[in-house]
């Protein structure tokens, strides 16, 4: 159930039986010579919609731009500063808490968002506890990184071994190929470097000249993408339902 | 050309001939008993993509949540505070200016965003001028509100007269019906009130109990929507090209 | 009734019959080779005091510096950033709401303030609704731009036609000449440019080298100024009283 | 020379011989049963204009609202938060530094502003040093509290002894009576309390029920006010000139 | 080498051969019925000083209060908001980068700090890159959580097994007992709950009524503490030296 | 009683009889060629602990870094911006007010902190008054600058006369020598300059090339330090007890 395709009375009715909502969050950043700039948002959105279909959950609008400052030396990358993203999350959750939502399940497509999202949850709990609104001190947030699920991880290992790398990975590229088969890109790829270290934007580009971190996205194909999709939807749906069931 | 479906080398190449980018911005807010919560984002995104096809412009990711604080007494509405939205715009434009973009054309679907966006442009020009990056003091932003274009205005007047109202209007509802025919909603609609005044969220709901402001969205249909789409894409494309051509 | 010339018990008494206050806001910015830097504040203050005399309204202190970032490449211009001005407005209204004021009528002398003021009102309503103070969720703000009133507009058209322009206009210059006849300035004026576009400060000065936007302030005289004053006070007084009467 | 009554070319010319500007700052706050709410702004402005006449200094617009949070339990008081006032000062000084001003002389009428102004100066020096503008790392600010000048202090002691108190003092009331003889207020005054301690707003009103701190403003008269004015203008003018002369 | 016990010429000399500095960061928060409120700061500081002795590194002042909002329903806990802590880190690193430091090694004693510190590093890299100071775009930060080192983890497992828990653990309590043998506390301890979940402060206290998360700190003793100290200093020293050696 | 060495139940018990807490605050900044960078924090902490022993007060963790922007042209100096320090103080006091503390006694070792701390107190009172927590509108803060106590002042005058100066003074250096006799530094000292003026960091270093302001720290010795310690602890203890006793 996509929030964007509901009316407010439909949301009001939904809230009578369920306080949960899924919020997909991605990033808009370079993904190497062949990966799409929207990769992280595309993946998070697709999986979130799949989970919404599977579980009947309300799915909010995708946050398309996250914390990707270290990618901003590559054209087309957009990033919020961490302090901005924290305010964005706070504003979303204050609004939705006033509506009556109490359980926020973030499906995240970008490793670089994790720290800031966790910081944002802490900041938001404190803000909500100060509001003159009943029950806002019981709000719960959960972060679900689809690419870190056990099944996804195993599949990536099985298909790509060490060539999975850690940025512009074949697994995420495969998933975007499954979703947008019309946007499959190719380019000659040299051996990718993986320094394992991320500092500022200029430093990132010095270490990883074409944007990849140790990955070989040429191994990706749409069929792989379909398998990643299915595994991710299944395990993320289970995680969402467990979150809802939790006291 | 959707930024999300490009690679960074493709963006780099685009920038060699064109410094322009289109940024769609909508809102996630109640649109009366039958309007979709995502109406403003859906419309802005569809028109932006149409303009992108028409003009070859790069189209960035849609900003789905804007300034809708006055709607937050209705379930499902999400709003950024104006100060947050200003920081978001600043962060987008700082990132994209580093890439080399210099002309930012916002296609906006929500009246409530206008003031904050204009404030954000002013704030951002000042921030960019302080950056140690060449040419950032020549950045230009333009705000294009599709629903205020001359052709769109005339069509709405012709089709609906005073029943167009000013929130949850038949024109925007028609456009969403054209885009999402599977999500057409119906509900009994009383005469809508139009106080013409917008203050805080609680006040808004007192004045406009079902969320509409003087509109009769029951007049909308998908065929109307198609006409609005065509008119809006045509006049917004012309506006974008004039903006690019301007010194 | 000037707030600055009252005692607190007098304010307390005023509040027993009227929750309204007028807040003049101007700007401190270049107004071309002959316009005063304080033009916008001088005009807003004079009209606000006239309205105060006419209607018995409490008139707060003039906010002399507004949002004029685009003028800051000319010496003597001062501007708040939009985010700063929003905080200033919030602080004023939080203070005065604690006193018991509920209806805030801003008499504005500067077009560049409009967007930020509207954003500030939205931000402030949300802040006030969170305060543990009764009735702050019913606060109302109204923006009255004296130079956009129907009568003022017609008079300017009648007296100056297209030479009114859009910055350093003869109408505002005339008004300052009426108020400060001792500070009438003259200088040779070339044909003024009016690009109609406002971006950053450096860009503004490139486009409008002497600061004017399409205006011929040499047409102004103090008698005109008196007429503008009278028309503006009359129509703004009516607007204030209608605002007070409104539920 | 009032900045508000100059044109930008006049300011440009002034800057060729003098980098100094006077910025008056007051407050809008209760001053007991007979003191004007605008007392601190009125006094600072009058003295600043006197110093301007005496020394030929440029005098900027008066900042009428300062840091008076502890007075906000009394109707009519307005205060900026300290963090807001710091941003206001920063914005003023960034603007004026771009113009070429380098020496900022604040004539202050309110004890409650002192700490925040000093903090603002420190914050601003750091901000200015980061700007890509030559010479902004040599900006100097000076705080001149007219009521703490040696001559003013002695005169107050001579005229009122301990009845000077520390808020709503006869010296400042006398000065406003000299400036606004038409706005002299009277009211029965009990013995004033002077706890000497200032905490939050509610606490302040509990300790000082009518707003005064140990003062007897009934001793004030316009003739005293004239003497305070003359002494203050003389000693503040000397201080300004010494500041200008200082390396 | 403790920064606090150096003079500025000594720091200047140190910087000629080494750009690295260690910054210990802890927290001030409840640690169950027997754990010290300063536990996390005490441990981080002691280990940092040990590493400083081992490696000759400069050791900055301990940041004693971190991100512990979820503990603030227990008396004596102090927390910064995440957005505040990000500004604190930014300010430290801007200051020290101006001095010439380029490699910042944070020895952290509190799991709750991790997300905010990582967000702070990202924010700070972007801020530093905008400063007009050479080399600030090459600054590197590293986070070293002493309690997550391999050797520490193995020792805790060996000594306590599952009774290590995840807050108010016997390992950290043992370390404080080694450092402050005069401050060993005892109290009757029931079986500890470990929900594994952390939301807001009120929720935390509902789930973990005495503050512990699944730990049995009664197993701690000073001799264990000494072993933890030695292991942690050894492995953290190695990590610091590897960080320095890294390009 | 050091907060860091207590458990939360011990703090809970303390609060049943006393709402007071001492918060030491120093700075991390250059203190001339022979003064320790930690001087201000070391002194504040030692005296605070002495007062804690004398009076039984709870002593919180030392804030080691304060407002020292003007010292940041010397290596090793760290400073918070004033706006950051205000947020830090606000966060500390919000946390501790939730615990039940109501009287905050800051023992300060650095003149540069005074203005920002006072501004922070004002900001915090306003924030606390808006919290939904009983009694937070009665919170009181007191600033106690050990080096400005009457006894300390007289002793410094007696021992050093004008050679006390105003930064890197022999009195504070003597106190650190008493506390850390192992860290006594010597260096050839020229005549110190004392401009008496503090502007930005670059300006400070131009005026005071070795960091001292008119002081001769070579006069210091540990025996003097002991006397300063005793006088400061005695008079600060009395001030704390008077503060507690005050309504």
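Per-chain numbering from 1; labels A, B, C, D, E and F assigned in written order.
The criterion applied here is as follows: a residue touches a chain if its C-beta (ideal position, glycine included) is under 8 Å from a C-beta of that chain, and two chains touch if they have at least 3 such contacts.
Note that the structure is a prediction, hence the values are computed from the model and not measured.
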Handout entry: Shortest walk length in steps over touching chains, chain B through to chain E
Key = 1
Problem - Set of chains whose contacts include both chain F and chain C - result: A, D
Handout entry: Shared interface partners, meaning chains that touch chain D and chain F
Key = C, E
Problem - Equivalent of D-F within the choices A-E, C-F or B-E, defined by over half of its residue contact pairs recurring - result: A-E
Handout entry: Where chain B and chain F are represented by their mean Cα positions, the distance between them in whole Å
Key = 53
Practice task
Express in whole angstrom the distance between the two chain centres, defined as the mean CA positions of chain A and chain F.
Solution key: 46
Problem - Distance between the centres, which are taken as Cα means, of chain B and chain A, whole angstrom - result: 24
Problem - In chain E, residues with contacts to at least two other chains - result: 81, 83, 87, 130, 132
Fill in the blank from the handout: Chain pairs satisfying touch are A-B, A-C, A-E, A-F, B-C, B-D, B-E, C-D, C-F, D-E, D-F, E-F
Practice task
Sort out for me which residues of chain A touch chain E in the complex.
Solution key: 67, 69-70, 81-83, 86-87, 112, 114-123, 125-126, 128-129, 137-141, 197, 199-203, 246
Handout entry: Partner chain B, residues of chain A touching it in the complex
Key = 2-12, 15, 28, 30-38, 41-42, 60-65, 72-81, 83-84, 87-88, 90-92, 95-96, 98-100, 180, 183, 185, 187, 211
Handout entry: chain A residues within the chain C interface of the complex
Key = 130-132
